[in-house]
Each structure stands twice: as C-alpha cells, then as structure tokens.
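Structures given as structure tokens follow.
Note that subunit A is present in both complexes that follow, paired respectively with subunit B and with subunit C.
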Partner chain A sequence: MESFLEIFDIYLLEAVVNGILLGGLLALLALGLNLIFGVIDVTWICYAELVMIGMYGMYFLVQYYGISYFLAAPVAIALVAILGALLHFLVIAPLLSGPPINQLLATGGVLFVLQSFATVAFGIDFRNLGIRLPVLAFAEMHFSYARLLAFGAALIGMVVVYLFMTRTYTGTAIRAIAQDRQIMALMGVDTKKIYLITSAVGGALAGLAACLLVLQYDVHPFVGLSFGPITFLICVLGGLGNFVGGFVAAFVFAEIISLGGLFSDLEWGYVLAFVFFIIMMFVRPGGLLARRQ
Partner chain B sequence: MIMSPRYAWPIGVALLIALPFVYRDPYHLHILILILIWSFAYTSWSMMGRFGLVSLGHGGFMGVGAYVTALLWNHLGLSPWIGIPIALLCAGTLALLVAYPCFRFRITGHYFALVTLALSGIVLQVITATRDWTGGSLGYTPERTKGSHIVALQFDDKTVWYLIALAVWLAGLLIWHLIDRSMARYAMEAISEDEDAAAAAGVNVTFEKLRITVISALMTALAGALYCQYQMFISPDTVSGIAVSLQMVFAVVVGGIYVALGPTVGAIITLLLAEFLRIFFGTKAVGYDNLVYGVLLVLFIIFLPKGILGSILDRLKGVPVRQTVAKKPA
Partner chain C sequence: MSMGRIARFMGGMVAAVAALGLAASASAQEKKLKIGVVYDLTGPLAGGGSELQYIGAKIVLDQFTKTGVEGYKIEAIYADAQSKPDVAINEAVRLVEQEKVDMLLGFYSSAQCVPVAARVEQLKKFMWITTCISSAVLEGRNLKYVFRAQPSGSQFGLMTMDFINQNAKAKLGKEPKDLRVAIIHEDGAYGVDVSKGNEAGAKKAGFNVVLKEGYSATAPDLSALVTKLKRARPDVVFHTGYNPDITLLLRQAREQGLKFQALVGHGAGYGVYEKLKEGLGKDVNYFFNTDPISIWLTNEKTLDPKLPPEIKFVGEEFDKVKPGVAIRSAHVGMAASNTYLFLTDVLPRAIKKYGGIDSEALRKAALDTDIPEGGTMLGFGVKFEGEGQPMAGQNDRGFPVIIQYVDDKSYVVWPKSQAMREAVLPLPAGTTYSNK
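Showing the complex of A and B:
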C-alpha cells in the first residue's frame, strides 16, 4: 500500500509538471487570439487552422527540403505571419463595418477552406518531423525535451511580444487602439496599418506555436480541431482580450487536462476542463480576473 | 400573375405530399429527405439566430438528440417513441444549463458564440470518450428491429420517411410562423436591439431568451434523432461538434436568416452544392468539394450578408441589397 502511494505521488507530480509545460503552449496560443480580439475586436475561429498550416510548413521545410529545424522555424513563422495579414486584408477588412458576427462566421468559412486546402494539397495522412528528442529522466519522472523546449520558447515568445507592446511606438499604438478604437484615428494613427501589423503578429504567434507543436504531435488536416476549441475556452475564461487572464487560464486548463488525464483517458481530462469552464461561467462570467460589477 | 400567398401555401404543400407517389427515384428521394431533415435543423437554429443569438452549440443538441435515442434503443430496448422525448428532455436541460448563466450574466455576441462553441466541444468529447457505449469516432448504428417497424421507427420505404420528414419540416415552419406572430417576437426584437431598454420597457430579458433557446434546442435535438433513425448510422462528426454547428450557421446565412424559408433555401443550396461537388470531383479528389464550398461561403458572407432568399425578396421590394438588417449586438 505504501509503495503504491509513493508511485502515485510521483505520477501526480509528473502530471503537474507536464500540465505546466502544456500550459506554456496553450498560453502562447491564447495570447495570439487575445491580441487579435483585443485590438481588432474579431475572433479568428480559424486560428488553430493557421497553426495547422504552419505545422505543414515546418514539415515540408524540414522533411522535404532538408532544412535544419532552427533555420526552418523563422521561415514558417514568417509564412504564417503573412497568412495572418492576408486573412485580415482579404476577409476581415471588407467586413469591419458589418455586424461583428459576420466577421466571426467569415473566419469560420476560412476554417473550412484551410482544412480542405490541406486535405487537397497534403492528403489526410498523419505526418511527423521524424525528429525524436530524448526524454529527460529526473527523480523517476520523465519529461520529453520537446515539451521543455516548447515551454521555454513559448515563454520567450510571450516576453518578446510583451516588450514589443510596451517598448516600441507601434506596440504603444496597438495598445492604444485596443482601448479606444475611434479616437486613435484622430490622433494620427493609421488604423488600417496597425490592424495589419497586429494580424501579422497574431499570425507569427500562431507560427511559433506551430513550430513547437510539430515537435510533439503529428500533422494532419484536422489537427486544428484538437486544440482550437480549447484555445477559445481559455480566452473566454481569461476574459477575451485580457492578456494576463488568458495566461492564468491557460495554466489552470492545462493542469485540469493533465490531472484529469492521469485518472482516466485524456478525453475525460478535456471533458473535465469543459465542465469546469461552464461552472466558471456561472461564477465569473466576465473572465477569471474580471472585477465584479 | 403570381399566385396569391393564400393559395400558394396549400397548393405547394399538396404538391409536396403528392410528389413521392408520382416520382419514385430512390436517390432523388433520399436527397429530398436529407434536405427536409436538415432544413428543419437549420430552421431551428435560425429561431435564435434571427434575434442575434448566434449559437455554435447546436451541433451539441443535435448529437444529444441522435445519440440518446440510439443508445436507449440499443441498450435498454426503449422504442424511439419514448426515447426521442427523453432525448429532447436531455437536450432541453443541457440548453437551460448552458444558456441560463449566459443570459443571467449578459453574455452576448462573441462571448455567447464561444461559450456555445464549448458546448458542442463537450458533447463531441463525451461521445468520443465513452467509446465503450457509443462506439467513439467510429460511429454508431441503431440495431435493426426484429419486431414491429412502427415501434422501432425504422422504415425501409423511402416514401414513409419522406412524409415524416415533410411533416416535421412543416411543423418547424408552423412554429416559426407562430413565433413570428406572437408577442415573443417583439420582445426578442427589442432585446436584440438593446437589452437594457427592453428590460426597462418591462421585458423579462432572461426568460424570453431562455424560452427561444429551449425551443430551438428541442427542435434541433428532434432533427438529430430523425437523422439517426433515417440514416441508421451516426458518428460524432456527422451529428455533433463544431463542424456541424458551423454547417448550420452557414446554410442559414446562405439562404437568408430573417425569412421563414431562408434556412430551407440554404439547405437546398448547400446540400445540392455539396452533392454536386462530390459527384463532380469524384472520389479521386477528396477535399476539393469542401474547398469550393468554403470559398463560396466566405464570398457569401462578404457580398450577400442577407442570404440569397433575403436578397431576392429585398430586390422585389425595392430595398438596396447591401443595406444590412443585422444590428450590432451591444
């Protein structure tokens, strides 16, 4: 009985740490979505599909053209950044004056387009980079380097975005627009340009997430569905457009998924997270960190 | 001369009822039945959607309707005649559970769409996670009846199914009509314009929204149960989840969200388009059909936000096409 408890605790600790590692990735995904929402007031339903395209980009650069991982990553990030800007230019911009729900639905249409484009162009096979990173064994616990790397890179990415937002002129303009959309145009800020830049930054974050996810998961056209919904939940739980809230919510969610998965299947971890989400909507409808009215 | 609406409806319905007795091509009847069932589902979605309550959770309600009915039949031997009401009850409870906090705490617009999105996510995950009972992503088949076809609600004759689907579709339109003429419609329209003003005018905002949501969820669950009984095969991807929710929204947007027959026109267009693209591209080019489909949908939302039927009706009435009716949710 005692030995059982010991093993159990080790597993528990391992799950907790893995949850934190997963949380870093989810926080990165949520940050990109939050940025777009906070600044442009649009929800990209197809956000996870942008990540999927980025993962395919990484796959082809590394596997097909034989470029090393670290050289391919910036290319993939740039690719998704351009894709994000294009998405804004082609789909969102014409709809900006329309009802907000149309923008949401249009990005839903883009979701279909990207999914089926990937099916047509790359087929429905599961593909992976073929890179097997070693596993770190520490005090009877096992953590894959892929996860550690992803966690570290996600944190660095978030710090870079934070510095960009607080230390540069463009970043300040972006934050200002998020606070008051109308007045900034009068202050001599080119709103259209800022929107495009924000979309590109959001895309770049999706690209970074893609580079990190591709280390751990296989790519297929529907891979976006496995982490897209959870990203939306995190953003809503943290309060849409609330960066800090999104960050906290990502870790809460990751822990629930990781711990729930420990006791049962991974899907039940997800189910638990969803149930938690709905309960939280009762308790804190404005997001985790929102002030009570 | 265009026939006056007073005669157009009964004549149209009579023609639709007579159709399967004259024309018996099984493939075309099959497409018609699917169009009717999905039209009913899309109509139930737009019950809410027309008042600015954009739900992405209807895939979840549909999944509950289909799976609960099938599970009760296979595991407990409960006839769908009892199973469907139980399934509707489950879907209604689920709708209350999710919608009440949303409406109580004024979760609207994007937020509401994303919360309901979570709902379809939950249903999909639960179906996949309980694979020991539901078959998971491989899908699920209600057992073929050994006894009475009527008790099992399983019919081999497509004509019977056509008539059932037609009746349900007509019932859906009738509900639309009743709501359209009721006080609830004015209350909901007031709410969709300005919740605070509506509340100040004496409208019970939470109750009105809950009522329309539950009606809509019940109808969607019924559509799911019917689809299951007709197709005799359901899988998480075809009756639940985000893809199905989006499919509903798109069909309604394409057809026209603010007119009674809009969802039906949407169902006809999207199903025929999907079928045409499927046949045109054949099995050798998987995905092309969805690619064209997706591009068309994006174009539709950008250039024809009122949908095909809505725009045509406006054109007939002399309203400029690009003028949007939809209001910005507060």
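Showing the complex of A and C:
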C-alpha cells in the first residue's frame, strides 16, 4: 500500500499538467486539419509541412530581419494562410471531383515537394529562434511558458473557430457545405469561394501552430515528421472533421503519452497511445465523440 | 634480306612497340579506384554531423584525386543516405552494382551501418567505415570485408564512466557507490551500444544507476523523461543522442527545472558545438563530450611528423567551405583522418604487396595495418581484429577522449595523458542546471 501511495507525488502531478500542456499543443495542430477535412472532405497529409514553412517564416522574420516576435507572428500566419489557399487552388481544386485517394496522394506529393524545397532553399541546418522564455515555477513543479502559450492559443483558437462557424454567414455556409456539397451550389452559394476561405483559415491555423512551435522546437526541413503522423491520428481518433472530438482526443492522447512515459519507458507511452487508438478504431470507428450507429 | 624487307620489318617493329606502349599507357590510364562514398546530406542526420563528416572525407578524397595513389586514379562517387537505413542500403547496392565501385567508404549512422555492412559483405565488397560506432556493426558477425578505425560505442560508454569514477571523490565529493547516475540514450543502434558501455562502466565503478532509458530521436515530447529524471535526482547524466533531440531534451530539462552536477555527452549531436550553442545558448558551457579527439586539438609533438601539415591543410580547406565557425567540429577531422588512413596506408599496401585493388587485396592490406599510437591524425594507433576474433574488422587501438566546452572553446580533459586542462566539475554554482 505504501509503495502504491508513493507514486502519488508531486512528479505525478507535474506529469499530468505536462500532459495537459502537450495536449494543448496537439489540439492546436489538429484544429486546422479537422477544419479542412470537415468542410472540403480532403486530408492534407502535408499539414505538418505547412507548419514547417511557417516556422521557417518566423525564423527568418525574427532572426534575419530583426522583426519582433509579436509583429512577425501575424505575417507568418498570413504567409501560411496564403499557402493554404494556394494548395487548394493549385492541387486540391482540380482533383475535387476525382476519387478521394487522388487527393490524398496529391497532398502526399506536396509533402515531399515542401520537404525538398525547404532542404534546397534553407539547407539542412537546425535553426533556432533563440528566444528563451522564463520558466513558471509552482510548488516544486516547473512548467514551460511556451507550452502554456500553446495551450492558451489552442483554447482561444478553438473558441474563435467555433464562433466563426456558428455566428457568421461564412461559417454557416461552411457548415452547410460540409453537410451537403452538391445542394449548396444549387442554392446559390459560391462553393469555390467557401473552399478557398476554408483552406486559408486552415492554413492560418497551421501558421498559428508554427508561431508557437518555433518557441519550443528547432526548425529543419523534416520537423514535420515529428508531428504529422500524431496529428493525423488525433484527428481520426476525434472523428475527422469533429472539432470537439479532435480537441478531446488530443488531451487523451497526450495524457496517455505523458503518464505512460512516467510509469514505464517513454516509448511505452507512445505504444500505449497507439494501442488505445487501435482499440478505439474498433470500438468507436467514427471517433471518440461520434454517436453509436 | 633486301633493304625493302628490312625497312618493312623495322617499320613493323616500331609500330608494334608503339602499339604496345600505347596499350600500356592506356592501361595505366585506366588504373582507377572507384570509391562509393555514402553520408547523409539530407534529413535530420545531415545537420546532426553527417554533412560535416562528408566535408572531411571529401577534402581528403579531392586531395588524392589530384595526385592518385601508386599509379591509380581515385574517383569518388557520392551518394546521399537521406538519414534513412533503407536508402543507405539501396544506395550502397546501387553504387556496387550499377556504378561498379570497387569499395564503399563513409557511413555516419549506426542504424545504417548494421544492415549495410551485412549487405556489402554478401556482395564481397570492401567497406571502410569512417564514422558509425555501434559495436553491433561488427560484434560476433565475423565480417571479412568491413573495417572500422573508429573506436566502438561501448568504448565511448566505458570511457565516460571511468572519467567520472576517477573524479567522483575528488571533484564531486562522493564515493562511487553513493554517486547517482542516469543513462539516457536515443534508441537506435548507436545509443543502445553506448548505453551498454555506460552500464558496464557504471557496474564496474559501483555507481548507483538511478535511471536508464531510451527514447526515439524523433519523439515530439520528452517532458515525461525529464520528470522521471527529476524524480531520480541523478548527480551525473550520461546522454547519447543526435540532434535535435538533444536540444529538445535539454530545453525541456531547463523549463522543468532539472538539476545535476554534470552532463556527459557521447559524440553525434554533442560533437556539433555550433548547433548546441544555437539551441541552448550559454547553457552548453561546461558540458562534456566524448569523441575521437578533434584533429585540431591533438598534441602535434606526439604525432607522426607527416601529419601536422595534413591537419593544417584539412583545417584550411574546411574554413573555405564553412567560414567563421567558432569550434571546428571533431566530425570533420574524424572522416578526414580515417579516409587519409585508408589512402596512405591500406591502399598503397594493397597495390604494392597484394597486386591490386580488389576486395581481397584491400582486406589483406587492412589486416596488415600496424600503426602505433600517434600514427593517425586522431592520435590513436591502428590494428584491426582479424577473422575469428569477437570484433573482426574493429581497430583495437582506437580510443575516444573527453572534451569539455568552456566559454566557446573545447578542451581535452581526459585521459590525463592528452588533457589540456583540468575538468570543471561539478557545474559551477549559478549555471542553469547546477544543483548547488
């Protein structure tokens, strides 16, 4: 009993809180991907690579052009938003009426194009923004400000997207298109414009994630490999296109990683998370918050 | 014999001699050693040190391309392993089967070396490893054509434990049995091998190992590992990693308030000071790193006299490629030295003594290598284990050294015979990770 109680120490609490903060980061990443899938019914396999381009944008704006972080962030977000719109215009739109696998493969191709572009244009060096944020100490626990910022941004981003989708005309149109792509065009809604707006918003969310990730991670052409697969899994776990589901899934996933890693080897945390994912795919194939069929 | 017939005979002789001469000349021109060179020029390992190794090898290969070796032209064909073991295997096979190279040279990552060495052995091609250090590449495999002058990973792990053991009482004020150590490593062939050496060294020294754990170098979060380290309260952290996992771990360690008395790294990411400094800032001060000695830190007086000019040459050429680097990475010198060793010792012997450059001649020449300490730019000697020995192909005389980064300079601090200064141990009070 005593040894059982020993595990309930301050470090367990720290791991729980760190899991929540990691969840915030993953939720932020999942937000844009979910939006795109929910509306356009296309999965941007290259989503994490858009984040990578945004991180490079931040790096060059802050380090080379000496622009302050807070001024650089909107520019980087706008840059990735434009990139998102371009991705839709150049790659997705021509394939929209084709089989879904074509769109998936096309965005997979864009993933390699962006990685190679970054390698050629920026080199293989790891680059660091060089901003050292202070550390938040509470009791004997310490937390990362960068993670807290990401957590806050994920919450705000979630609320803003929710309000945008429910309180604005464009948002309503987006939701309507998500429900029935064909019928909305017959009712006079410019679907092409809505798709483009959605892609830009999805890109902007990738840009927002980039602004926060660049505070914690080195930028290099392959940084997307660390986040791409896990973001995709979270979106599927939450139910592709389901914002709230994605949000919840991010925190569940992060807690399994954090606590699994604390009680066993770090890698077992990831293994447990993936096992959980597989089981849930059998139990709730539509996602964590999907209604039972 | 009429004059006409004599003239025709003489003419025929002249033509024959000329033809033979031309043929011989053409044959001499075709004497060429084609070397397939494999490093990672893209992907995470490129920036983690592999590109620097490539630069070091290329400087020396370019040098000998101009002069040739014992009448043989040297032609290097470069391939990018893209930081992926499967690509490394495919490129090695492509170089052998399609580019028809005579041998392979290079290889940064142990995760690539292990499968590539087995494949190249099947193809009966000579493989000269300049970098990857995992024992798993050679241990118990009895490979005939694979050679590595580099010390092995377990030697790295043993060396660092010995260093702390010898200094535990005097500098850390603790008996070895009271010293709490943590062994953290990336989970590839390289990290696992070094950690095995660490574990064996800790057992030998009688340290209290409070945590031993591996992690994936591409893991997006290491905070749970940091929390465990905090709970384990190690005095010394022994870490083996590439980059950017090193910067991620240490950044999260700072943010979560991890404290210790010393951090000892084992090559790879810890060998690229510029990147450590960029990622961690002043926190990198007083970190230790284990690697074969940087060729620019070796004591010239202890070296073969022909080596210092070569070291100077490599340094000058490197500065042209990467001007303004504060500390020239040991990675560059490692590849340069091991390539130079092959081109000046093994290859000439294969040609002169064993009559050519086929795999058998190169293998025999490598097994004949017998260089005393001070005979390579890295300071160590060379004698390879032969067939039937536990680590066939491994240089028995290789050894790493421990350096410490102090105020943007690196100093050899261990072994004592090579030490440039006393180690600063423990971390001075007031530094980010100091538990004082």
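Going forward, the second predicted complex is superposed on the first by the 279 of 293 C-alpha atoms of A that agree within 3 Å, B and C clash if a C-alpha of one lies under 4 Å from a C-alpha of the other, contacts with A are read in each partner's own complex, and residues count from 1 in each chain.
As a working rule, a residue touches a chain if its C-beta (ideal position, glycine included) is under 8 Å from a C-beta of that chain, and two chains touch if they have at least 3 such contacts.
Since we're looking at a predicted model, the values are computed, not measured.
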- prompt: Quick one: subunit B and subunit C on subunit A, clash or fit?
  reply: clash
- prompt: Is A:124 in contact with subunit B, with subunit C, with both, or with neither (first, second, both, neither)?
  reply: both
Message: Let me test your reading of the model: by the given contact rule, A:153 touches which partner, first (subunit B), second (subunit C), both or neither?
response: neither
Task: Classify the contacts of A:81 with the two partner chains as first (subunit B alone), second (subunit C alone), both, or neither.
output: neither
Query: Looking at the overlay, does A:234 come into contact with subunit B only (first), subunit C only (second), both, or neither?
result: neither
- prompt: After superposition on the shared chain, which partner residues are touched by A:22: those of subunit B (first), subunit C (second), both, or neither?
  reply: second
Field: subunit B versus subunit C as contact partner of A:225, first or second or both or neither
entry: both
Task: Using the superposition on chain A described above, determine whether A:270 touches subunit B (first), subunit C (second), both, or neither.
output: both
- request: Check whether A:111 is in contact with subunit B, with subunit C, with both or with neither, and answer first, second, both or neither.
  value: first
- request: Using the superposition on chain A described above, determine whether A:99 touches subunit B (first), subunit C (second), both, or neither.
  value: first
Field: Superposed model, subunit B segment overlapping subunit C, candidates 7-15, 25-33, 115-123 or 169-177
entry: 25-33
Task: Take the contacts of subunit A with subunit B and those with subunit C, and give the residues found in both.
output: 119, 124, 221, 225, 230, 265, 267, 270
- line: Within their complex, subunit A touches subunit C through residues 9, 11, 14-15, 18, 21-22, 119, 124-128, 130, 132, 135, 137, 142-147, 216-218, 220-223, 225-227, 230, 254, 257-262, 265-267, 269-270
- prompt: Tell me, which parts of subunit C touch subunit A in their complex?
  reply: 41-44, 46-48, 51, 83, 187, 213-216, 218-225, 227-228, 230-231, 243-244, 247-248, 251-252, 254-257, 275, 278-279, 281
Task: Sort out for me which residues of subunit A touch subunit B in the complex.
output: 37, 43, 45, 91, 94-95, 98-102, 104-106, 108-113, 115-120, 124, 221, 225, 228-230, 232-233, 235-236, 240, 265, 267-268, 270-271, 274-275, 277-278, 281-282, 285-286
Task: Report the residues of subunit B in contact with subunit A in the complex, numbered from low to high.
output: 52, 54, 97-98, 101-102, 105-107, 109-111, 113-115, 117-119, 121-122, 125-126, 128-129, 241-243, 246, 249-250, 253, 285-291, 293-295, 297-298, 301-302, 305, 324, 326-329
